[in-house]
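The following pair of complexes shares a single chain, chain A, combined with chain B in the former and chain C in the latter.
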Partner chain A sequence: MKHALPVEELARDERFVRVELFTRAIDPRTVPDDRQRAGPRIKITPDRPDAPDAARVLMHGIFMGELQALEGAGRTCWDFETGSGPQEAPFELKLNMARQCWDEARHCEISVKLGEWMGTEIGEFAEATFLYEAACNPDPVLRLTGVNRALEGLAIDVFNTMREFARAAGDPVLEFCEDWMLADEVTHVKMGSDWLRKLTEDDPERRQRALEFQRVVDKLFSLGGFRGEDDDSPIRLARRFRELAGFADEEIDEIAGLSREARDEFLQHRAALAEDARERTGTDG
Partner chain B sequence: MADPKKPRAAFAPWDRRELPGVFDVEESARRVGTYKWIEMRLFEALGGWVATVPELDVKLRLGTHCYHHAWHAELWHKRLPELREMNPDRLTGPPNENMVAFVAALTEPEAPELTIEKLVGVYRVLIPHKIAAYTYHLNNTSTITDAPTIRSLKFVLQDEFDDWRDGEMMIQSLLENAEDVERAAAHQARLEQLLVAAGGIAGPGTIGDPWAKPLEPEAEVPA
Partner chain C sequence: MPVRVTPETFSMVNYDSAVIAATVEKLIADVGLPTDTPVSLEVDERVPLGKAEIRSVDPIELFVEGGAIEDAKRPREFSSEAALDVVGRLLMEVRDRLDPAFGAPPLDEEITVPVRTAWEIYAVGRLSRRGHRGQRQRRLYAFRTRHGFTDVADAAFESLWSGDGLCFADVVRISESTRQMLR
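Coming up: the complex of A and B.
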């Protein structure tokens, strides 16, 4: 088995269909037309008529993320020689990644059971592979900042928000699942924070590169700025849990800022895509 | 109540633990170093395979088992300094080059159509050999002096038995016709030969030598 498995080679059965992130975001099954027009800042609340479907889409997306988190953590066990060099992974880091494999495997199991409860079939919605792509970085520290700190940090925000939604909606199964997955994600994000500090202690340049990678991933996956601190933010930044996971206050402030930027850029990007589609199909939308 | 001042034996009548064991500290550490090495190779391979296996249930089980073997590696890593090996890396290694060849063949399958080969290597060859090596160690080491190793061996063996059963059932569920069975058997035979050449996961003597002559009883001194 080779080291470094490209994203195209991720093994899936025939139920799964892959699409690019932005294609997924403008797919009317994923984000209905009226929501597309309203912009990304539509919070899932129990009084929304499409809340069950919106929650199903989101949780299926989370399931795909869990699967790739499992695969990414597994690859970090395999891809690197054991050691303390820049292209190596320390023994204890690999042990953490193996632990993460188990946790993510459980999250997949939880997600499948939750999908059955919510009426979702495996593969019903398309898979975007951004998490695994972040897990392909040749530097293990960058993998941990991109995946554990940025994307699993996002997972903390999502689980916390959906746990609140479940409480408000009176869905004990969803609430139970989010509660348990949230606990594990805090641990995973903390692994990212701890290893970032430890492995870059004497290498400020590497730390800078890792933080920059995290910033890029954070911004890219602020998914149109849907994460923020306003009341109407679809996904609320979970400050308390991020602190537990080793984030400093300034780091959390920075993510909030990135999300605002991402929202503006998303709106511009979507307008450009719509314009492009109009030109190609000769319709006026 | 019995008189609390009345002397009792240190070993209760039902406690049959004994000195000595078959291994001295050095041999024990050597074996534990090979255990750590193979547990590492196994959890790394299982982690790497997760992304290459399309069968969803198998993918999730491999992720779970990956951690079991990582935890075993950690147990052995922590045991080494207690066996006078203050640099655990020094003894963390294969018993011989044949074992390296075995691991290379074990971890060779990569394509998504090769799930049977991946599982057969782990659950029909390596794990049965690990169970054998750990059981031999458990039954031959001193139940008094080496109690910490015994405690770990028991935890580890429990995982090995559970994982072996999981793996064997996954294999059985994937074998659908004579061709599949032959594929599985051919791969098993190839890997088994390599592991036999290595002498087992701890090298020759991994499970003792059943042909070894028993020690001569010491000549009796005439009265």
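Coming up: the complex of A and C.
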């Protein structure tokens, strides 16, 4: 079996269509200012006219993330020789990743059932493969910071937000599922935090590289300010759960700062694209 | 041609106004409006969101943001399925509004989100019986989100989904009586 399987070779049937980040980044269309507020979309609450569909889209994205998290954790068990060298993974780390595979497989099954509950077909929306791509880093510690700490950390924020949506809407199934998956995600993030400290205990340079990779992933996937600490942020940064997952206060502050930066850059980028499109098409706004 | 789509040429998305017009023409017949009914549809291609609304009933003027008729898997590509869903629902609402027996409020009168959702269920239910995609479970989820996750709400949904000959007052009564159970 191949080591370091490229993203293009992930097994998918004809229901799934992938959209690269680049395709989205060059999209010149814009969201009007009055609907932009904290980012590309306002917070999902039951009184928002499109809330049920927005929740379906988000949960389908979570399903794709669970699938790739399963694939990523499985690859980490296989891609590295067992050992304590820089290109190796200790047996106990692989054991943690195997446990994570078990959790992610369960999350996939929960997500499929949730899709049926919410009226979503598997593959109804495009697949973004960023989670698996972060799981392809040749250094296992960077995989753990990119996937377990950054992206599974994002999953904590999303699950917590969706659990709040479910409570407000009175959806007992969604609330229950989110609560259980949230508990697992906290464990996954904690694994990332623990292994980062353990494997880089005597290697500050490697720790720095790993944290820098996490910052890049965190900023990239603050999704243009989609996640933040403002009341109307679509995804709220879940401080308490992040503390439980081994994040220090200053690390959580940093993620909040990165989200604000990402939001500002997103708005500037979109404004520039819109200006460019106006110049090309001769329209005025 | 009774259907007019603006703009005629799209530059930000890969949409074809003739294809969109043909989709709308098919829908005019499917919802039961006279086939020569003039309809104009404005598409704001600059916005990737999904807003869709009736701007005027006489003459019929509809508006959608580009995202409302976009392929959910392929950014900036047109989806005839999405267009049939969204414009079909709008035209069914137009049909209701043109029917004095239905008793719809004036177009500029605000309708609450739960009542709006109930009306949409009634519209899409009728469309699904005419051979269009209904996505029943998706609609049921939207209804439950506004009316509660209860057997009472599910029964109310069923009366809208399979209903025929309802008037606006019926839709409001079904929605409000179901929501009263939540209090």
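Criterion: the second predicted complex is superposed on the first by the 252 of 285 C-alpha atoms of A that agree within 3 Å, B and C clash if a C-alpha of one lies under 4 Å from a C-alpha of the other, contacts with A are read in each partner's own complex, and residues count from 1 in each chain.
Here is the rule we go by: contacts are C-beta pairs under 8 Å (C-beta built on N, C-alpha and C of every residue); 3 or more make two chains touch, one makes a residue touch a chain.
Since the model is a prediction, treat every value here as computed from it, not as a measurement.
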Legend entry - Touched partner set for A:D13, first chain B, second chain C, both or neither: first
Inset, instruction - Mind working out whether A:C101 is in touch with chain B, chain C, both or neither, as first, second, both or neither? - result: first
Inset, instruction - Figure out whether A:P46 sits in contact with chain B (first) or chain C (second), or with both, or with neither. - result: second
Inset, instruction - Using the superposition on chain A described above, determine whether A:L244 touches chain B (first), chain C (second), both, or neither. - result: neither
Inset, instruction - Report, in rising order, the residues of chain A that make contact with chain B in one complex and with chain C in the other. - result: none
Legend entry - chain B-touching residues of chain A, taken from the complex the two chains share: 1-2, 5, 9-13, 67, 70-79, 82, 91, 94-95, 97-99, 101-102, 104-106, 108-109, 122, 132
Legend entry - Residue ranges of chain B touching chain A (in the complex, touch as defined): 40, 43-56, 59-64, 66-71, 73-74, 77, 107-110, 112
Legend entry - Residues of chain A touching chain C in the complex: 17, 19, 23-24, 27-32, 35, 46-47, 49-53, 55-57, 116-120, 123-126, 169-173, 274, 277, 280-281, 283
Inset, instruction - Write out the stretch or stretches of chain C touching chain A in their complex. - result: 11-13, 45-50, 66, 72-76, 113, 116, 135-142, 144-146, 148-149, 182
